[in-house]
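Below you'll find the structure I mean.
Chain lettering (A, B, C and D) follows the sequence in which the chains are written, and residue indices restart at 1 in each chain.
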């Protein structure tokens, strides 16, 4: 059962169809499955519902699928950085369902874990709770939210063995682990492809069971959205901590 | 003399306690980390999946895999741990974060908060704000006392009721503005109380610029 | 000639497919791992928090931190990963495990399963059995065709309806006994079908020892 | 804010009171917080509700608290290995609430994550669902289960830094990570106590925020419940895998 494919196009072969739902990992441009997004763009598949915390920026990440109008709907928590997104959204070409970030994360985690619905206090008394069941538990109000499950999830990991065991790096972990569990098929791109045994079983973030196909991606320069620095010799400027 | 942004941040830092785990919003709240007292252990959470956030990196040492919730490049500390976004918001919703300091467009006298959308304008989304105000034990808002329009007009932001779409209901414990400090009895009937004035600011000035009802109990 | 325990396990192993992730119960199901065909990749899950379970350790190499759901000492493989019990059962409930092979006290013709308690006897608990039968895509039961009492009496275990408290309803896809193999249309109206006889066993013998209704469609 | 205490008794000082609810990590005898259990026994605190997957064996782990009749109720999934347990249970001295193992794990995870209730298909149509809400989602039935939150959680980890970041070892992880999140106060015992920076941030299983107090325990011989082995030179006996 070989999981490793030669490239992104091969890894997605047979999995794409118009109108499907796709989860894409990443927060901002950090930990996004960029090569798999590129292959989706090249495939021309359209009318996608994309579940992703953000929508990339113009010409980068999911921004590429917006340029080609392959996305019909986004389920996201924040989409502020994208002019093409704003244009399509204000023009009524693109639908968006906003979810609070934690609710989005939990809905995906629930979908992957066989939980069809759960209650959360997030959003009670706001627009987010409209039309949803609100119920009291122990004197506090909670809104019911549904699990999310996609046709396809695409994720980015730092390291992966050929069995599909994945390790993420720093804050590039973000939505990738839950999304890996919450789709009929999950395809991973990894920066370092290793053999089984090279990743300590205690260090695995995503067990191989969740990964159906994977590709090894070349190390490319990763984009930074907000480059913030401090000057040597000066005191730490925010966000500083002890 | 109203407080400057830095003075507001310095005042907010007085709400920190040794051993606290804290989430700071963008803008003035971010500045609070500059005023953590020496020797006090405060770990900053970044809701994209990190605890123990360090300062900005030196130029040339930026790591694209290491950003905060504002998508800024940051650094790690010896205490740092990373986790998924679902674990991160489990931490938030579960009440494990001691304090959240964040900005606001409007706060009502009952603790309601609005800071995510203005009807008629492009909506960017609420990000993690709704989860943070609902889940974090104590929520401190730091904001200008009034909103200044382009025409020089001033609109109060401390209101009887928010008229913008809410981020959360009964969530704010304290509001620090450039003019003073208010506490709010968010779950009870105690309402809003003015507890501190910025240097040179009078209660009358605050009353003129505040639409919500408040009692005064200055220390 | 009824099948031996080993032959039942060997028959159950025919339900394995390359790339499968499988959970094996204790007893005869455990023996199935001896019959995984050469060259076929099958990863065994242990619901206490491990994927890629290896064989028992050599004497002297037992690791108290490495046990399976039956609390037996085991070993790891190059493919092994560890996770928490909540992640483990997320995997189970989420339908990520391809196949579960387990024992049973009773199975009904509609796929109901009883294997965790006998009223009046000390109840030890269901452990992970209810989660496994509810969550795993395909459930294969391996059991003796009848229950033998101490007095030599025989009670059928394949029933019209289970009379013991249920572990799950409409959950069993296949039953392998010492006498033959049945498929069950657990979510539909197709009922139970006898599809294979053990060597030398007749349909009449099975019919005599089976209380539940079944049709016969031998290959 | 020092988290490290000198011993188990000091770590639990002021936290114990009669009638409280205590979560104890471990599966069987694997990964149990044995020194903290010993200190609870020595404290004499009683009428405890103990949430733990198992109940130890006679004289080991939670079995020690059963011997001294400090436990009024257990919430567990399987308690088969304990004669004293059986005696007290059959004599009506001890109450037990059985939970399916996955439901128990998820209830604890939910309690720690601010989820008061969730739906699961586990146990629908069985004794477990009696008296609980059953609801259909997308044509399938699910039972509603509540989150669990305790007064105190005690957990065992392999390694921990003084900030409370924990790493578990192999299957000794089990219930420990969720329990660490699901109590007013969590106390950890660690086999290896290290300084901040000695654990890679990507390898942390339980972030320090969840740990209020911790102790370093001496390496003792750990008990094995079912010692199963194979003989060198013979083929692997079950459970063997590829």
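The criterion applied here is as follows: contacts are C-beta pairs under 8 Å (C-beta built on N, C-alpha and C of every residue); 3 or more make two chains touch, one makes a residue touch a chain.
Note that this is a predicted model, so its numbers are computed, not measured.
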Reference subunit B; chain at largest CA-centroid distance: C
Centroid spacing, where centroids are CA-atom means, of subunit B and subunit C in whole angstrom: 55
Gap in Å, rounded to a whole number, between the CA centres of subunit C and subunit A: 36
Averaged-CA centre spacing for the pair subunit D and subunit A, given as whole angstrom: 32
Multi-chain contact residues (two or more partners), subunit D: 106, 109, 113-115, 120-121, 168-170, 173, 201-202, 205
In subunit C, residues with contacts to at least two other chains: 41, 43, 50, 52, 76-77, 82-83, 89-90, 92-93, 135
Those chain pairs that satisfy the touch definition: A-B, A-C, A-D, B-D, C-D
Complex interface listing, subunit C residues touching subunit A: 18-19, 21, 41, 43, 45, 50-52, 76-83, 89-97, 135
Subunit D to subunit B touching residues, read off their complex: 1, 109, 111-115, 161, 163, 165, 181-182, 195-197, 201-202, 204, 207-210
Contact footprint of subunit A on subunit D as seen in their complex: 106, 110, 113-121, 135, 137-138, 140, 142, 146, 167-170, 173, 201-203, 205
Touch list for subunit B against partner subunit A, complex: 24, 30-34, 36, 40-44, 46-50, 52-59, 61-68, 70-74, 76-77, 82-86, 88-90, 92-93, 112, 122-131, 134-135, 165-170
Subunit A - residues contacting subunit B, complex: 27-31, 53, 76-81, 86, 89-90, 98, 100-103, 105-106, 108-109, 120-128, 158, 168-178, 205, 222-232, 235-242
